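One chain, subunit A, links the two complexes that follow: it is found with subunit B in the first and with subunit C in the second.
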Partner chain A sequence: MNFRTYLLRRTLHLVPVLLGLSVLIFVISRVIPGDPVRLALGTEATEEQVRQLREQTGLDRPLVVQYVAYVAGVLRGDFGYSLRTHRNVTKDVLEFFPATLELTTVAMALAVVLGVPLGILAAVRKDRGADHLSRVLALIGVALPRFWLAILLQLAFAYHLRLLPTIGRGPAPPTRITGLYVVDGLLGFDPAAAWISLKHLAMPAFALSVGTLAQVMRLIRAGMIEEMRRDYALAAQSYGLPPNLIIYKYLLKNAFTATLTILGLSYGFLLGNAFLVETVFAWPGLAFYGVDALRFKDFNGVIAVTLVIGAAYAVVNLITDILYGYFDPRIRYE
Partner chain B sequence: MSEVLAVPGHARAARGQEWRKMWFRFTRSPLSVAGLSIVVVLILAAVLAPVLAPYPRHAGVFVDFDRGLQPPSARNWLGTDDAGRDILSRIIFGARISLTLGVVVLAIAVGLGVPLGLIAGYWGGRVGDWIMRITDVFLAVPPIALALAVTAALRPTLTNAMIAIAFAWWPWYTRLVYGQVLSLKEQQFVEASRSLGASRWRIAFREILPNAWSPIIVKLTLDMGFVILTGSGLSFLGLGAQPPTPEWGTMIAEGRTYLPGVWWAATFPGLAIFVAVLGFNLLGDGLRDVFDVEIEQWRAAN
Partner chain C sequence: MRSWRGLTFTLAAMAAVALAATPALVQSQPREVPFTHIETQIITAIDPQAAVDESSLHSAINLYDPLIYPNVEEGSMNPRPHIAESWQISPDGRTYTFKIRRGVKFHSGRELTADDVAWSMDRMLRLKRGFSWVFAPVLDLGATQVVDPYTVRMRLKEAYAPFLGALELFFIMDKNLIMANLRPGPFGEFGDYGASFLERQDAGSGPFRMERWDRATEMVMVRFPDYWRGWKEGKITRVFYKTVTEEATVKTLLIAGQADMVPQWLSAQSFQELKQTPGIVVKEDPTVQLFHLQMNTKKPPLNNVKLRQAISYAFDYDKALQQIFLGGTKARGPVPVRTPGWAPNVPLYSRNLTKARELMAEAGVQPGQVTLEYVWVTALPLERLIGLLLQSNLQEIGIKVEIVGEPWANVVARATKPETTPHITAIFDTLKYPHVDSHTYGMYHPTCWGTFRCMSYYENPEVSRVLEAARRVVDTKEQMRLYQEAQVMIARDAPSIYVANPLHRIAFRNYVKGYRYVGLLGFDVNFWDYTIER
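== the complex of A and B ==
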């Protein structure tokens, strides 16, 4: 099988999974005690108003009909009407998603940018001070409750040191191109705006990234140590190649490939924790929106958030697989 | 000839020796011992909470507004919350909630996930395909997102939070067991059992399952920490245990409203979660080394 067929198959595999997910979430949200329509209208509503809104939202039709209508809508890019924000959920998703994308991507970037060098350092200094320190840091990083770390960071850097803003994303840059504030600030040639956005991003992104950072560090360390034992590393060494060249050009590439497969999974971890971190920082992202939708039993909102997060997760895993094929041409696509 | 006789007593003695060796290896690692100690302390705190807590009544509905939001002192080591309750006492009682949550969630996850994995792996066929496809669907969203979606459909209570997390957690066990079964089912002892005419149920549950326990136990230990973390996260969002339950995540959510002046009310419960998760992680790592199993530990835990 060549790479293109592999990609096609891999992409097609997503269809049943996402379809299954939509059934799952739809059933969960509809098999509920309590009436979302009555909840949205409040206790003052008349029977007539309730009946009207129920008809309007299609909640009076059989479940299967509702589902088919829903999926048809989603395929047209229509996630339905929100009983909470009183507008189309698609609009909400488009508005809130870039903030989550920005946050999780920067968190992932931080994890890689900091985790890889620290992992290399730990491998090179195996069983010495730096290695032990990195092991302790990794254990702490994995066990830290993200929302608690977020609160501690707020306490230290916003309240006491007053270095960073406490909550939110800050003002939107004047030009909206991607919805990612830092990128928009740079694209609009407005470095000041980008800097402000970056300052807002710093704490949430770091709080979100620690777990992944710890994982990347440990995996790179393990991978590097394994690669160092290989014959080719020994051969390169005996040729008298400079150690840095061996480490960065040969060993790291192989060690990173093993880490890469985990990064896709870690992205799911980041998306999940975004619900907590966005809540602490009042970060106006999809997860923040989702938590509000949950509290108000706004089911179209809940379904849309879950589906978009599932899709984002799937796409990231797809990208990881493609990169994996790029880094390691030996893998066969079976 | 005596040495070829399989005497049950010998097997037991051999097993005892094996355990002693494992225990020896386990105690060689200070980190593993630290993990075990933390877990033992947690269990003791949960069991002896009414004896250990300085103010057992503060764990429930209790108010003493005159002593509200007091900083740590000799009287209240970790300070008091807005209703004047002793935070240390509440944290000790919180251990009961977190451990119960972990045990209940994982019992359901194992109860569902393990048999499904066995069936999918050993029976295979169409049923097996369907099981694994459904598992894939559940794994398509991060567990916490799925658990949140479930809580949306239920009333926010601790019990419902447990149901929601278990609902999102079982597929990991199906996948783990499925993988185990695939690698075990071609082994000779299974072959031998099959040629003796053992039934499929017997082979699956009596031959394969006992040999698949060590990775399951390691994973369970590690997951205890991650489930506690997830549960406290749900409660923090207001979708799990409700005040005045002394759940750690709920306590953080309550304490957070008094920041930055009242730093202790949110800080100490968080420390408790951190230590608990760390303990189970260290213990799990230690068991993994002793049992010498490889499992996908670095997965999307929550």
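== the complex of A and C ==
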């Protein structure tokens, strides 16, 4: 099978996955006790008011009819009406998703940019000071609760040192193309705006990245040590190839496959679980929106968030599978 | 020569006038006075007729004007003139005639008239959102009529004691602006009634205009220069109303000086910490909020009044106030003590285990026979502590308590039927409208059954009769006498353990002046009331 066919087949696989997800979350959200209409109107609302809003939002129809209407809407790009924000959920998603996407992408970039060199260092200096230090850092990284680290970072860098802003994404750049403030700043040739956005990103992205960074560090270390034991590594050394060339061109590429799996899974996980970090930094992201929707039983909000994150997860895994082929040419797309 | 002298004189005179005018010109541009307010919940709607929660009310109070206003200057909820300059009430209490203040401008520049008032009331009644439930029982569509451009008349179906005070929650909207921006919607000729338009703009006459609204993060409001109450030096010109849900972050922002005011919803411990911080003022006021443990009078064994009274005598109120609430006033009956119309002769329960055991015996309940479910709202950890205290207190008289935490949405759902309502539920309840009726009729008349306010499912035909009469009486003295009579009867029947009127706390930087708490939700955060004195 060639690459294009593989890509098409994997994309088509998304359809039953998302359909199944939508059925599951649709049923679950409506089965959980609580009346979202009454919550939206305030608990003093009369029966007449509740009935009117139920009719307007279609919540008085049978479940199957509601689901079919919902799916038909989603296919038109309409995620329905939010009982929480009182507007179309599509607008909410378009507003909140880029914030989470930007935060998670920068967090993953930090995890790779910091985790890979630290993992290589630990492997190359195995059982020496740097290796022991990286082990301790990794343990701290996976053990530390993200929200607690977020609060500590805030106190240190925003409150005491006044180096970074305490909350928020900062002002939106004048040019809005992608909704990613750093990218929009650069695309609009406004490096100052991009810099301000980066400063706002620094703490939340780091807090979000720490767990993944620790995992990447350990996986790279383990992978590199295994590769260093192989015959080809010894042969390369015997030929007198420069150590850096051996490490970065040969060993790292072969050791990276397992890390790639973790990165793919982590990306999807962080997209949906950035809630605590978003809360501490008042970051207006989709996870924060989703939890608010859940608390107030905003059905359409909950389903939209689930579908968007599910789709993002699936796309990230597809990209991961494609990248396997780059790192290991022996892999064939089946 | 003469012409040169004349020219020189003229030029000198012009220069003198210009120099004299320059300070005035400079002064006519107000000094920018920014203000950052932190709130812990998002603004869900900026349509003042859809507002039901505090943050939405804050936007309504600052972007719009209500017809009348609480007497903030005297620290009272009693109505005083605002958009309505004066009013008359007919002897039968059914007709209210309001004189509208002249010269009030909307943000669009147009003058506010009686037509806008009548249209706004009909809009509220048609929309059936927000506080329409207060007016809908007594005011029909079309019953608010324009007499002349500055006079509006409201004809009620029957006399209604809370009506005038409730108008503090009725905000006037710019009819022409909204009608010019209608989109298709479910309201016939009125389309969406401006719902789409109001997502991004306001249609008010209030002291501030909305400049920008990023949902879930920030609303920016700027002063409206033509606001009818005018502006003085030091008044706030730009408000950054930010949503931050994490309490630690809220405190950091205030302490670091990146916020000027934080909301009342921080924990008591946080306020204790902020009190110790230089440059920060923590203002404490008695509230018109009631914290009580509602007992489901339809669910055995709590259908027995003697048992309910026994439980009321077993609870340790002092410990609750001192160690859990860290201050506040002991509740005396269903109506908060600060509310006009509170009955000072309401029976008071205090911890008395002997009396509790006697009443239990009279109820025919033996120690160890009874297990009760106590439900607390999981977003409010204080209620769990109260539950632990209750559990310990009732154990002393042989009643077992099972403590269950539920999300607010589940509590609201369980309240809809007496069978699903727990035995005991912890509830904070604040005055919904500025009248004693809110905490009497609104909580103890059977018409309120099915809501979180009435989880006691209290039913006493005599009390209902007195409350119905109180609502219809026009004479204020007689009205209050009836409401007080009802309070005494209700407290005697002990449908709740009345624990506390908690303290209202709010924290702000010490250069913020003019803050006054009046009790009605949201009205203490009208940014026009504050001045900044650094």
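Methods note: the second predicted complex is superposed on the first by the 328 of 334 C-alpha atoms of A that agree within 3 Å, B and C clash if a C-alpha of one lies under 4 Å from a C-alpha of the other, contacts with A are read in each partner's own complex, and residues count from 1 in each chain.
The working rule: contacts are C-beta pairs under 8 Å (C-beta built on N, C-alpha and C of every residue); 3 or more make two chains touch, one makes a residue touch a chain.
Predicted model only: the values in this text are computed from it and were never measured.
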Exercise for the section: With everything superposed onto subunit A, say whether subunit B and subunit C fit together or clash. Expected result: clash
Handout entry: Which of subunit B and subunit C A:24 touches, first, second, both or neither
Key = first
Practice task
May I ask you to decide whether A:292 touches subunit B, subunit C, both, or neither, giving the answer as first, second, both or neither?
Solution key: second
Practice task
Considering only touches as defined above, state whether A:144 meets subunit B (first), subunit C (second), both or neither.
Solution key: first
Practice task
Check the residue A:279 against both partner chains and state whether it touches subunit B (first), subunit C (second), both, or neither.
Solution key: both
Exercise for the section: Could you look at A:231 and tell me whether it touches subunit B, subunit C, both or neither (first, second, both, neither)? Expected result: neither
Practice task
In the overlay, answer first, second, both or neither for which of subunit B and subunit C A:155 touches.
Solution key: both
Problem - Which partner, subunit B or subunit C, touches more subunit A residues - result: B
Exercise for the section: Considering only touches as defined above, state whether A:271 meets subunit B (first), subunit C (second), both or neither. Expected result: first
Exercise for the section: Using the superposition on chain A described above, determine whether A:38 touches subunit B (first), subunit C (second), both, or neither. Expected result: second
Fill in the blank from the handout: Intersected contact list for subunit A, partners subunit B and subunit C 33, 147, 151, 154-155, 159, 279-280, 295, 297
Handout entry: subunit A residues within the subunit C interface of the complex
Key = 33-36, 38-39, 41-46, 48-49, 52-53, 56, 84-87, 92, 95-96, 147, 151, 154-155, 158-159, 162, 166-169, 279-282, 284, 288-289, 292, 295-297
Fill in the blank from the handout: The subunit A residues in contact with subunit B across the complex are 16-18, 20-21, 24-25, 28-29, 31-33, 139-140, 142-148, 151-152, 154-155, 159-160, 211, 215, 218-219, 262, 265-269, 271-273, 275-276, 279-280, 290-291, 293-295, 297, 299, 302-303, 305-306, 309-310, 313-314
Handout entry: Complex contacts: residues of subunit B adjacent to subunit A
Key = 31, 133-134, 136-138, 140-146, 148-155, 225, 229, 232-233, 236-239, 249, 252, 256, 259-260, 263, 266-267, 270, 273-274, 277-278, 281-282, 298-302
Problem - subunit A partner contacts - residues on subunit C that touch it in the complex - result: 42, 44-45, 47, 50, 52-53, 128-130, 132-133, 136, 186, 195, 199, 214-218, 242-246, 248-249, 252-253, 255-256, 258, 407-410, 412-414, 416, 432, 442, 451-453
